[in-house]
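Letters are used for the chains, namely A, B and C, taken in the order the chains are written, and counting of residues starts over at 1 for each.
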Amino acid sequence: MTDTPPRHRPKMRLPIEWLGILPFVLFALLFLILPTMKIVIGAFQTPEGSFTLQNLIDLNTDSIRRAYWTSIKLSMITALLGCAMGFAMAAAVVFGGLPKRIRSPLLTFSGVASNFAGVPLAFAFIATLGPAGLVTLWLKTEFGINLRAMGFNLLSFWGLVVTYLFFQIPLMILIIIPALDGLKREWREAAAVLGATGAQYWRMVALPILFPSLLGTFALLFANSFGAVATAFALTGPQLNIVPIKLFAQIRGDVLGNPNLGYALAFGMIVITGLANVTYIVLRTRSERWLK
Amino acid sequence: MAFLDLTNLEKTFGANRVVKDFNLGIDKGEFVSLLGPSGCGKTTVLRMVAGFETPTSGSIRIDGQDVTDQRTNQRAIGMMFQAYALFPNMTVADNVAFGLKVKGISRAEREARVAEMLRLIGLPDLATRFPFQLSGGQQQRVALARALAPRPRVLLLDEPLSALDAKVRVSLRNEIRVIQRELGITTIFVTHDQEEAMSISDRIVVMNGGIAEQAGAPFEIYNNPRTRFVAGFVGTLNMFTATVESQQDGLLTVAGQRVLLPKGPITARDGDTVTLALRPEAIRLGRAEGREVVMPATIDEVHFLGSVIRVRARVAGTVVALDTFNRPDQPPPPVGSAAEISFAASDVILLPE
Amino acid sequence: MTRIVAWAAVLLGCLYFLLPLAGMTEFSLKMRRGVYSFDAYVKVFEDPTFWATFGYSLTLAAATIVFGVLLVVPTAYWVRLKLPQARPVVEFITLLPLVIPAIVIVFGYIRLYNTSSFLPLTGSAFGTDILLTMGYATLALPYMYRAVDTGLRTIDVATLTEAAQSLGAGWFTILARIILPNVLVAVLSGAFLTLAIVIGEFTMAALLNRPAFGPFMQLLGANRAYEPPALAVIAFTITWVCMGLIQLVTRFSKHERAKA
């Protein structure tokens, strides 16, 4: 019995080591993967449980199409503006020759602001740009500018854009400042010595190097705003026609009159955020050939 | 007028005067090293020539043209940095072509020039590699090719070898020198390594505390250091305290031994204490012809380095280092034994106080 | 020139960020006609539902943090020590909650754990609380895992483990007495971030019908004028305190390390 061949041992050890992450795998299965699978499978099932594509076909109604389109537009615009404005502020702090003292407060504030989303954020904007908000009243009494008459309404698409930027911009700042710090001074100097203008340096060197980070942040900001419910719900109530709010109403009260259509609606959300991230991964690997 | 002229160059950062009244003229095709410890201002001088720093006062002229207020990208210079300066997102060929591309040179011409440059640095097959796939030595070679591709008027080298291993460092520095001679390009090389500076320069400027202490050919700097700092920074020195016996004749005594300096009168007064210095290779173990000063010594340490044997001996209360060549018929002296050392008064460097 | 543009970018950005904060603060003080007063805050603090929902969310945040730490620390430790090959998979899973919207996840919960399922968690209040805690742990997973994993990177996990084992320590002792104290700063950072996320969370709590702080705020917002901005100020202060605490523990640990 003592001369058991030792080479059997490695075979036995592998599954035992994998047992170490069993709790994690169980958690991920039960509370992340299976619930998601439930939605995905449900999207392809009839209420009786047989396979169908009817749910996805039924998504093609005017109201649902418009909801998706508004959601995609909202996420695109807030992600784009968030990236652009966050980048401008981050670049100003890193390269703009501003005093070093403002950097740390800006980062701390960004940490706070990027987490200050949801219901209270909506309240803050109602108190500022709403019908009786601080800025609205101030513009009206001091300058005679009537925001409402000019077509601005906080409880609309553009109102949502302005509000979402409050957490999109800081998120961009938090992610892009380390990336900007990673740009070596020698690259800029080497480009200058070789005759490049500042714009040429940015176009040919800095932006290509930053591209993967920019893209990743964009995908993150997109998903961030695409799935956001609380801010929009607290701002506009259930009437705004965007996908997460429609889904919210459907889960609460089956407003679509077909439970499996709800699955399809949610499945559509997964597909879109999933696509955004696949695009991101593909573009990233392509733009990072130089880092294989 | 020299090809590259630095006149009364000054740079202050806040209250800190980093470069003080720096003057240097470099001829076309000359290879000049700025040598000194870190913080001596040598890198600041280079960065002012590159245009990364604006001089507080003074002027920089290249080929008769005042470039003091010109932007970096208009100066037509080339530069190699310490490390990491290749653009990581571009292949070797794209890196080398960068300077040509921003100049608006046609693709065909660019490709020809890149191929020529890669041949020059001996890496013709690496055109499609990315920087992270290259060794440190290869990266710096590509950096050299990139700097030379747009035919710069001046080449600036900012410690380009200090991040490499010793072997690559020596081979690359020789290669840089060969290429520099071949192209006849005016070059400033910044380094803190005196051996490096001496091995490849036409002329060395030793800097300390923001000023140029001495400028001259390596031979001159090494053998006739004008200041105590230059003497100590360039090479190893053995120092003795001596007393002036006769200022007129240049006669000194060191631990009772008479040393008659062949150059005659010295500036110190009779009875003064002066410091005289000797290079390790100027001191011999034992007596030898033409080395008239002989002193008793005790052997402290013996380091066998191969072709050279470095011996540390106690002489007149101080420890001196001396080098002798290895000879198969003559084993090094045992540690602790008594011996004699000798040197010629003509090899003595009298250090200013 | 560059500097002027830079200042403009930063100042405009600050203006955009400060205006809503000024707006909510000012509005919250306007409850009494004509003068600034704290009436709105008094109203909020006098409301027993405020305290009940706030307490509920706080409890759930605590449960989420405890569960998250117990789940993430051993997993991240084990992956670093024994299962580097599992790293890409584990990291991918921890990033999924950033991709799959919370509303989709909670939708899955409702349908998967209904009263007639294999695990009827939504059948009882306590079961739903557990489900909500798991949901919050999912939301916090990307942040918690990254914080702890970064913390583990700064210590030599393998050497510490071997040293502890050679002194006769078991796995529990190693994790509780060696690893946890060494990544305490990371764990605390993750914990405060979790608190900031959980305390005002709306979607999951609302859809699971639990009396949490987020749905309470939303309900109040739909029916009142001056209390909501007061709540926003309170929520902002809580977020600020959480982030401040993260900075504090990080800075404190740097000092400790500098002293050592």
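Note that contacts are C-beta pairs under 8 Å (C-beta built on N, C-alpha and C of every residue); 3 or more make two chains touch, one makes a residue touch a chain.
Being a predicted model, the structure only gives us computed values, none of them experimental.
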{"item": "From chain A, the most remote chain by mean C-alpha position", "value": "B"}
{"item": "A-C or A-B - the one linked by more C-beta pairs in contact", "value": "A-C"}
{"item": "Chain B-chain C separation of Cα centroids, rounded to whole Å", "value": "58"}
{"item": "Separation of chain A from chain B, taking each centre as the mean of its C-alpha atoms, in whole Å", "value": "56"}
{"item": "Distance between the centres, which are taken as Cα means, of chain C and chain A, whole angstrom", "value": "17"}
{"item": "Chain C residues touching chain A - in the complex, by the definition given at the top", "value": "2-3, 5-7, 9-10, 13, 16-17, 19-24, 26-28, 71-72, 74-75, 78-79, 82-83, 86, 90, 93, 96-112, 119, 134-135, 137-138, 141, 193, 196-197, 200-203, 206-207, 214, 217-218, 221-222, 228-229, 231-232, 235-236, 239-240, 242-244, 246-247"}
{"item": "Residue ranges of chain A in contact with chain C within the complex", "value": "17-18, 20-21, 23-24, 27-28, 30-39, 42, 85, 88-89, 91-93, 95-98, 102, 106, 108-109, 111-113, 115-116, 118-129, 132-135, 165-166, 169-170, 220, 223-224, 226-227, 229-230, 233-234, 237, 244, 247-248, 251-252, 262-263, 266, 269-270, 273-274, 277"}
{"item": "Interfacial residue positions of chain B with respect to chain A in the complex", "value": "50-52, 71-79, 81-90, 98-99, 101-103, 130-132, 143, 146-147, 150, 156"}
{"item": "Residues of chain A that touch chain B when the two form their complex", "value": "184, 186-187, 189-197, 200, 204-205, 208-209, 289-292"}
